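Per-chain residue numbering starts at 1, and chain names A, B, C, D, E and F are given in the order in which the chains are listed.
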Amino acid sequence: MIFSLAIYGAPFSSQSSDTAYQFACALLEQGHSLHRVFFYHDGVYNGSTLATPPQDERNIPASWSQLAEQHGLDLVICVAAGLRRGMLDATESDRWEKPSHNLEQGFTLSGLGQLIEATMVSDRMITFGN
Amino acid sequence: MIFSLAIYGAPFSSQSSDTAYQFACALLEQGHSLHRVFFYHDGVYNGSTLATPPQDERNIPASWSQLAEQHGLDLVICVAAGLRRGMLDATESDRWEKPSHNLEQGFTLSGLGQLIEATMVSDRMITFGN
Amino acid sequence: MTEQQPDPKKILFLNRRAPYGSSLPREALDAVLMASAFGQEITLVFLEDGVFQLKKQQDPSNIEMKNFSKTFGALALYGVESVYVEQRSMEKRGLTLDQLLIPAKIIQSSELGALLEEQDQVLSF
Amino acid sequence: MTEQQPDPKKILFLNRRAPYGSSLPREALDAVLMASAFGQEITLVFLEDGVFQLKKQQDPSNIEMKNFSKTFGALALYGVESVYVEQRSMEKRGLTLDQLLIPAKIIQSSELGALLEEQDQVLSF
Amino acid sequence: MILHTVNRSPFGSDCLQSCLDIATIDSGVILIEDGVYCALANTELTELISTALTRHKIYVLSPDLQARGIADAVAEGIEAVDYAGFVELCTQFDKVVSWY
Amino acid sequence: MILHTVNRSPFGSDCLQSCLDIATIDSGVILIEDGVYCALANTELTELISTALTRHKIYVLSPDLQARGIADAVAEGIEAVDYAGFVELCTQFDKVVSWY
């Protein structure tokens, strides 16, 4: 079955991205397909490569990134929500003349259309709210 | 009178940092002293220099930064809460071997002791919750 | 945006938050507009504090925010005409249909269940 | 940390959130420990879902989080002994004092007002 | 004497109720952000608010009322203030307790 | 047939109540994160839950129960599942609606 996930909670603050991550692992384990994970609202912070939790604690952005690499996942951060909140890739950083960028490997910035497209083509769209 | 503010909400998502900012402007206008603004929990995102809202909308980190420059404010981001969530200055970025840093001018990373010290020495500590 | 898209789906947006305190209502509305650009069959439901999103006379200029409620008026132009407000949510808050920015149908919570069942997907905000 | 500090203040921490769903309870506890390191006169109050923070047997290993509730056991060593749980919050949730990790005094909401008034500052979490 | 701030809607949160349960007589309450919905006249909370007004002075942040389009629907006895008024209230009471 | 997820405590949020008001008979409810407090036996919500159980199958996410130290206090009739079980439920129902 084809799943997509929408995540609206900030990592380390709200449990929603933790739950979504465990859910993603479980569905992949069962052989389902994960079409897209869409990060919106405070969920965009899941894509920060600068997140530096204590070394004996989970690193949520790094976990997503590893999962994406293993399974070829499409991790999309809403570009409008992300820019507003300071989640930039190299291209956006250049465009807006910002001093740096902070997007973790495996994540991409893209439009809200990716949420709608995922909703249209997936058998199940699961929202993990904040 | 000596005020300090504690801010726990993410900018652009929760109204709390907007309210705190307007409150800070109003108290300074009245000639009160603002000992410290302490950013904790998701409030740490107020210090992102990468925040890029549409140009006709408010830029909360930039507003804090300007207010700090005008009035010599002490804008402190809790270092533990900030590191976890990916708010780094140059020093922390080097220490943790991260590819970049993203702290807006006028903000500093410091310990939770700064919240307690502010609570001790201020006539009023006002919490702006998330 | 229209080339080779899958068939339109019935998508319901469930809005339960008051405006301005959280940015979620505004972000939900952006998603609604996008879904309409994709030609989906859209239903909007306002429940609990979500009904406040449709209150007339909003003016957030003194809190330095955009008045996104103006966009509700444009929804009909985008072909979004299926708009419901839940009855008890309105009553509890002392709201009546004439205080709302756009025409909306009153729906009871018992009818909402069936409306949700008819959809292909439900997006909660 | 103790040189030339101002006099100790009476600081009350008001805890109203359940653990794990939000990180605020954990961050509140860090602030309590810091206040105790500064030698302040600390009072902890657990109200509403905050009383769940003190529930015995917490084990978040399967949600990949730290069991910060263990730290409550150390509070007495830090000199934090003034711990209250609000009566109706406990009752509504079916909780009794013997289910809590540490000794706590039951307080009624009507008495809480006076307790708050005695403080120099109140920090809400 | 305490000034309590309430920033959540009373319909989906316990903030107002808990604050009123605890607030001693003559302490103040200021409604901010989504808390301004507490100030609405003619809701299912009308009774709660009118009782509260016999014990407390209740204020509401006017820019937040305007934002939400409810400035003309405020229950009688509740006083609207701007940010400057909010600051003044914080100085008039001994301390501030936030409910959020 | 819908599977509803509830991730907030029932004591400070309307999520559970609204979900139950709307859910058609035979739809499912899964309690996750702070929503697992809905599953507690012997609270002021016992009546609401036992009525709900006559109309719905109610599940609760077991890692979240354990985290909160309430795995042995769950009301009878509520079924604990792990993340794999959560995924399976999502496939068994036609769609998923989130209450948060």
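Everything below uses one rule, namely that contacts are C-beta pairs under 8 Å (C-beta built on N, C-alpha and C of every residue); 3 or more make two chains touch, one makes a residue touch a chain.
Everything quoted here is computed from the prediction, not taken from an experiment.
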Using the touch definition from the top, what's the fewest steps needed to get from chain A to chain E? 2
Along touching chains only, what is the step distance from chain D to chain E? 1
Among the chains here, which has the CA centroid at the largest distance from chain C's centroid? D
Take the average of all CA coordinates in chain B, do the same for chain D, and state the distance between these two points in whole angstrom. 25
Centre-of-Cα separation between chain F and chain E, whole angstrom: 34
Centroid spacing, where centroids are CA-atom means, of chain B and chain F in whole angstrom: 38
Multi-chain contacts only, two chains or more: what residues does chain E have there? 7, 11-12, 14, 33-34, 63-64, 95-96, 98-100
Find every residue in chain A that makes contact with two or more other chains and list them. 8, 12-13, 15, 19, 22, 41, 125, 127, 129-130
Of all residues in chain C, which are in touch with two or more distinct other chains? 16, 20-24, 48, 63, 65, 121, 124
Inter-chain touches occur between A-B, A-C, A-D, A-F, B-C, B-D, B-E, C-E, C-F, D-E, D-F, E-F
Residue positions on chain C within touch of chain E in the complex are 16, 18-22, 48-49, 52, 55-63, 65, 69, 91-94
Chain F residues within the chain C interface of the complex: 1-2, 14, 18, 21-24, 27, 94-100
Looking at the complex, which residues from chain E come into contact with chain F? 11-14
Under the definition above, what is the set of chain D residues touching chain B in their complex? 1, 5-6, 9, 11, 23-24, 27, 30-31, 34-35, 37-38, 40, 121, 123-124
Once bound in the complex, which stretches of chain A touch chain F? 1, 3, 8, 15-16, 19, 22-23, 25-27, 29-30, 32, 124-130
